[in-house]
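What follows are several structures.
Shared chain: chain A. Partners: chain B in the first complex, chain C in the second.
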Partner chain A sequence: MESAKAFRVPRRALWRAGAREASPAFLFLFLVFVVPLSSLLLRSVTDPVLGFGNYEHLLSDLTYGRVLLNTFMVATVVTIVTLLLGYPVAWLLVILPTRVSRWMLAIILLSMWTNLVARTYAWLVLFQRTGVINRMLMEIGLIDTPIPLIGNLAGVTIGMTYIMLPFIVFPLQSSLAAIDPAIMQVAAISGARPYQVFFRVLLPLSLNGICAGGLMVFVMALGYYITPALLGGTSTMMLAELIAVQVQSLLNWGLGSAAAFILLAVTLALYALYARGLGLGRIR
Partner chain B sequence: MLLSPNRMGGGRFVLYTIGALVMAFLLLPIIFIAALSFGDSRWLQFPPPGWTLQWYRDVLYDPRWIDSILVSAKVGLVVMVLAVLLGLPASFAVVRGRFFGREVLRAFFISPMIVPLVILAIALYGFFLRVGVNGSFLGFVAGHLVIALPFSIICISNALETFDESIERAAVICGASPAQAIWRITLPSIRSGILAGALFSFLASWDEVVIGIFLASPELQTLPVRMWSTLRNDLTPVVAAVSTLLIAMTIVILAVVAIIRRDRAR
Partner chain C sequence: MSGRAPCVVSLRNLVKRFGATTAVDNVSLDVGEGEFLTFLGSSGSGKTTTLFIVAGFEDPTSGDVLVDGVSILDVPPHLRNIGMVFQRYTLFPHLSVFENVAFPLSVRRKPKAEIEAAVTDVLRLVRLETYADRRPNQLSGGQQQRVALARALVYRPRFLLMDEPLAALDKRLREEIQGEIRRIHQETGVTVLYVTHDQEEALRLSDRIAVFSHGRIEQIGTGSDLYNAPRSAFVGGFIGNSNFISCTVAEGGNDRCAIRMPSGQICAIRGSSPMATGQLVSLMIRPERIGLSTTASQAGPDCAIKVRICEATFLGESVSYKVTTEWGQSLAIREITGKSQDVPLNSGVDAYARWHSADTHIFAT
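Take a look at the complex of A and B:
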C-alpha cells in the first residue's frame, strides 16, 4: 500500500484536460453553426413581417401540403425498402466467413464513400428514356414503350434507396452480431422450424437494430436534397428542394426558413426518440 | 454463427440471392460510370460503340475543371488541418475532462451531423452574405469545417478512449514533463485515430456539395459543385470521367484507412 502511494503522481504534475481545451472548437461551432442557425430561426418569424405568418402560409397552402406528403411518402418507402434489402445483407455479413464478408464490406464502403453527385449522375444516365434500364426492360418484353423514370418519384425512390442502403446495413449488422447464436440453436433443438426461428427469435432480438437503422434512414431521407433535385421533377418536389428554391431562386427567406424549421423540428424530435430508445451511447 | 447456413434449408438460397443482387445493385452505378467514361459516345450510348480517352483529355485540358479540382483540394487540406487542430484538444476535453456538462458538450460537437445539410447550407448562406464572406475561400473552409469537425472529434476521441492513461502517468513518473508525456507518448499512441480523423475530415470536405452549391461563386467552385452545375445543363460524359477519377481516389483512401486499421489491430 505504502509503496503504491509513493509512486502516485502528484495531481499538479499531470496535465489535466478541461473545458478550456474544448474552447477553440466550441467558439468556432458557436460562431459558424449556432449563430447562423439561430438567425435563420429568427428570420422565419420576422421576415417579411413579425409573426407566424410564414408557418400559417406553409401549413395551410395545399401546394406545400403536397410537398410534405411527397417527402414523408418517399422517406417511408425508402426506409421500408432499405430495411427489406439491408437485413439479408447484414445477416450475411455476420454469418459468412470473413474472406467473403470482407469483400461485401468493401463494396458497401465503396458505394457509401463514392461522391454523391457521381452516384446520382449514374442513375440519371441509367434512367433516361433511351437508357440502359428502359432498353433492358423492353428487350426482355416487360414493357413496350420506355417508362419515365426521371421527373417522378420512382427514380427518386430508387436513387435514394441506393444511397441509404449502407446506413441501414451497419446498425443491423452490429445488432445481429450481438445475438448469442446459442439462442438460435436452442430454438432449433426445441423443434422450431427455420421460419419460426427467424420470425419468433431472430427478428424480435434484432428489433433495436431495425428501429435504429430505420429511424436513421428515415430522418436522413426527410432532409435529402441532391438526389431528389436531380432525379425528381417540379411536380414531385420534396421538402429540402422547397427550402432551397424558396431561398435561392425566389429569395423568399421567411418562407424558406419556416420550412427549414419544420424539417429541423421533425428531425430533432425523431433523433430524440432514437436517443431515448437506444441510449445516447449508440450514436457515437 | 447465427443459424448456420446449412440448417436454414431453402431460406439459405433466398438469402444468398438477395445478398448477391444487393451487391450488384451497389456496384452497378459505379462500374457503369467507369465504363461510360471510356466510351466514345457523346450521347452516352451503352454499351459504347468504341473506346476513347477523350473525356479525360477534356477534363485535364479544361482550366475550369482543373481550377475546381485545385479549389477542392486546397479547401479539403485546410479543413483537414483545422479539423485536427481544433478536434484534438476538444477530444481531450470530452474524454478526460472533469467538468460540468461534458456529455452535453460532446453531443454539441457531433450535432452538425444531425442537422439536415440543406438547412445548414441556407443558414450559412444567409450568415455569410451578411458577413461578406460568401463565395470566398474562407467561406468554403468555415462551412466545410462545420461538417468535418464531428468526424475528427469522433475518430480522435474513440482512439483516446482506448488509450490507457496510466501509460502517460508512467512517463511522468519516469521524469517526463506533462507536455513531453503527451507529445511523446500519448499522441504517437493515438496517431492512427488522428490520421483516420484527418482522412475523414478531408473526405467530408472533398465530397461536400449541398453547402457548396449555396456558397459558390462563378469564380470559386469546388469540384462537386462544378459537377452539379454542369449536370443541370448537360449530361456530358466529361462528368463520367471526373466521377471515375473521384471513384479511383475513394478506393485509394479506403485502402489507406484499411491498412491503418490493420496496423492498429496488430
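Take a look at the complex of A and C:
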C-alpha cells in the first residue's frame, strides 16, 4: 500500500517536471512557429487596411476562387488516386514474404529519398511534347498528335500522386499488418466471398490507416508547391503558388497571409474531423 | 464408430510438405455423423495444418478430403459450409456480438427476421443472449470464444472445426467451457473435429481421439482404447502417466515371453505381438496398476521388483509414491487409499513393487 502511494506522484508535479524538460522545444516552437504565425495572422487582417478585406477579396474574386478550387480538386484527386494505388501496394508489402517485401520497401524508400526537384524535373522530361510518354503513345498509335501533359492539371496530378504514394503506403501498411490473418480466414470460412471479406472486414479494419494516410496526403497536397509550379501552368495555379506569387512578386503580404491562413484553417478543420472520427470509431 | 453410417469427413492419405518439412504425413481417417473427434498431439505435430487443409486455407501436397463422399479440394473456403473456431480471438473487432454472430448469415443475404431469430437462438445456446450489444473487447476471453462458437454454429455448417479454442484460457475457465462445448455438442448433434494438445481435454470431450506425432496419426480410438491398449510407446506415454522400463527379451514366443529386467530378474509377460529372443523392448506399467508391499510372496500380482521408497505424498484419495529400483530408475506409483492393507510406507523403506503381468504393455524399441 505504502509503496503504491509513494509512486502516485501528483499530476501537477508531473506536469511541472515534464514542462521543464520540454521547455526548450516549446521555446523553439514558439519562436519559429507561433510568433511568425501570429504576425502573419495580424498581417492578413491589417496589411493594406484593417479588416477582413483580404479574405473577402480571396473568397469572392473569381481568379482566386479558381485557385482555391484547383487546389482542392488536385488534392482530392491525388488523395483518391494514391489511396487506390497505394492500398494494393501496402497489402502486398504485408502478405509477400519478407525477402520480397523488403526489396519493394527499398524501392519505395529510394524514390522518396531522391531529391524532390530532381524527380519533378524528371517528370518534366517525360511529359514534354516530345517526351518519352508522348512519343510512346504516338508510336503505338494511341494518339496522332502529342497530348499536353505539362501546364495542365493532369501533369500536376500525376506528378503529385507519384510523390505522395509512399506517404499513403506506410500508414496503410502498418494498419494492415496489425490485422490478424485469422480474422480474414474466419470471415472466409463463414461464407464471405472475397469481395465481402474486403468490404466488410479488411476495409473497416484498415480505416485507421486510410484516414491517417489520406489526411496526410490531402494536407500535403493542399500546400504543395514545387510540382504544381514546375508541371502546372498559370491557369492551374494552386494555393501555395498563389501565396508565393503574392508575397514574392507582388509584395502583397496581406493577401498572401490570408491565403496561408485559409490553408491552415482547412488543415486544422480536417485534422479535428479526423481526430473526432477516430475518437468515435475507436473500439473501446 | 457409428457402424455403417456414412462419413461426414474423410481424409485420404493426406500429405502436406513445406519445403523439406513434412507437416502432414499420410493421414487418413473417417469422421462419422455427430462424432466428436479430437486431434491430440504436441506442438508442431501437424494438427493445425490438417485442419487448415480441411478448411481450405492450405492445399495438400497430395491426398484428398471428402465431405459426404465428395472431394472438396476444389471448393473455396467460403463455399465449403464449414464452421471454425480458432485458437486466437478472431471476433471482428468493429462489430458487436450480435453483428459478429449475424455475419455468416448476412453475407449469405438471409432475410433480416431470419437472421435475428437464428442469432438469438444461438446466443441463447452459448448463454450470452444478454451480451448481444457488447463489443468484443468488452468480453472476457471465455466469452469471446463462446461468441466465436456461436458464430460458427449459426449457419448450421455441415461440421465444425475447432483449433485449440481454449488454449488461451486459464484452467478453471477452460474446464467450464469444456462443459459448455460438451453440452452444445449433445444439444446440436453437430460433427466436430477438434484440436488440442491437452490430453485431459481430449479425454473429457471426445468420442474418439487421433494421436498425432510428426504429422502422422499414431493411433486413433476412444480414450479408453488409447489408455488401456496403446499401440506404441509414444501413445502410452502421451495419454496418462506411465512408467517405462527398458528390458530385453530373455526368451521369445508368440504370445508369452520371458523378459529380463535391468536387474537381471526374469518376468513372464503375455505379449501382444511375437517377440524374438534378445530383442530390446520397453515395458510400460501405469502408476495405479503397481502395488507396494513389504513382502514379496503374496498371492495375486505375478511381477515383483525390489524398490526403495523415495517419496510418499498423501493426496487424499490416493498416495503417490516415487520409488527407486535396484538399477537406479525412478518409478511412479499411485495407490488408492484404503485399498492397501498397510499404513502408507515412509520414504527410505525397502519394499516390493508388484503388478499383474497382464497390466504390462510391451513395445519394441
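One rule holds in what follows: the second predicted complex is superposed on the first by the 256 of 284 C-alpha atoms of A that agree within 3 Å, B and C clash if a C-alpha of one lies under 4 Å from a C-alpha of the other, contacts with A are read in each partner's own complex, and residues count from 1 in each chain.
By definition in this document, contacts are C-beta pairs under 8 Å (C-beta built on N, C-alpha and C of every residue); 3 or more make two chains touch, one makes a residue touch a chain.
All values reported here derive from a predicted model rather than from experimental measurement.
Q: Name the contact category of A:199: first (chain B only), second (chain C only), both, or neither.
A: neither
Q: Check the residue A:52 against both partner chains and state whether it touches chain B (first), chain C (second), both, or neither.
A: neither
Q: Tell me which partner touches more residues of chain A in the superposed arrangement, chain B or chain C.
A: Touched residues of chain A are more numerous for B.
Q: So, does A:268 touch the first partner chain B, the second partner chain C, both, or neither?
A: In the superposition, A:268 touches chain B alone.
Q: May I ask you to decide whether A:188 touches chain B, chain C, both, or neither, giving the answer as first, second, both or neither?
A: After superposing on A, A:188 lies in contact with both chain B and chain C.
Q: Could you tell me if A:95 is touching chain B, chain C, both of them or neither one (first, second, both, neither)?
A: A:95: touches chain B, not chain C.
Q: Report for A:240: first if it touches chain B alone, second if chain C alone, otherwise both or neither.
A: A:240 contacts chain B only, not chain C.
Q: In the overlay, answer first, second, both or neither for which of chain B and chain C A:22 touches.
A: After superposition on chain A, A:22 lies in contact with chain B alone.
Q: Using the superposition described at the top, list the residues of chain A that contact chain B and also contact chain C.
A: 188, 194, 283-284
Q: Which of the residues in chain C end up touching chain A in this complex?
A: Per the touch definition, chain C meets chain A at residues 55-57, 76-84, 86, 88, 90, 92-94, 103-104, 107-108, 135-137, 148, 151-152, 155, 161.
Q: So in the complex, which bits of chain A are touching chain B?
A: Spelled out, the residues of chain A in touch with chain B are 7, 9, 13-22, 24-26, 28-29, 32-33, 35-37, 39-40, 43, 85-86, 88-89, 91-92, 94-95, 104, 106-111, 113-119, 121-126, 128, 131-132, 162, 165, 176, 179, 181, 184, 188, 194-195, 197-198, 202, 222-226, 230, 240, 243-244, 247-248, 253, 256-257, 260, 263-264, 267-268, 271, 280, 283-284.
Q: What does chain B use to touch chain A in their complex?
A: It comes out as residues 1-5, 7-9, 11, 14-16, 18-19, 22-23, 25-30, 32-33, 36, 44, 46, 85-87, 89-90, 92-99, 102-103, 105, 107-112, 114-127, 142-143, 145-146, 149, 153-154, 158, 168-169, 172-173, 178-179, 181-182, 203, 207, 209-210, 213-214, 224, 227-228, 231-232, 235, 239-240, 242-243, 246-247, 250-251, 253-254.
Q: Please give the residue numbers of chain A that touch chain C in the complex, ascending.
A: Listed in rising order, the residues of chain A that touch chain C are 180, 182-183, 185-194, 196, 200-201, 204-205, 283-284.
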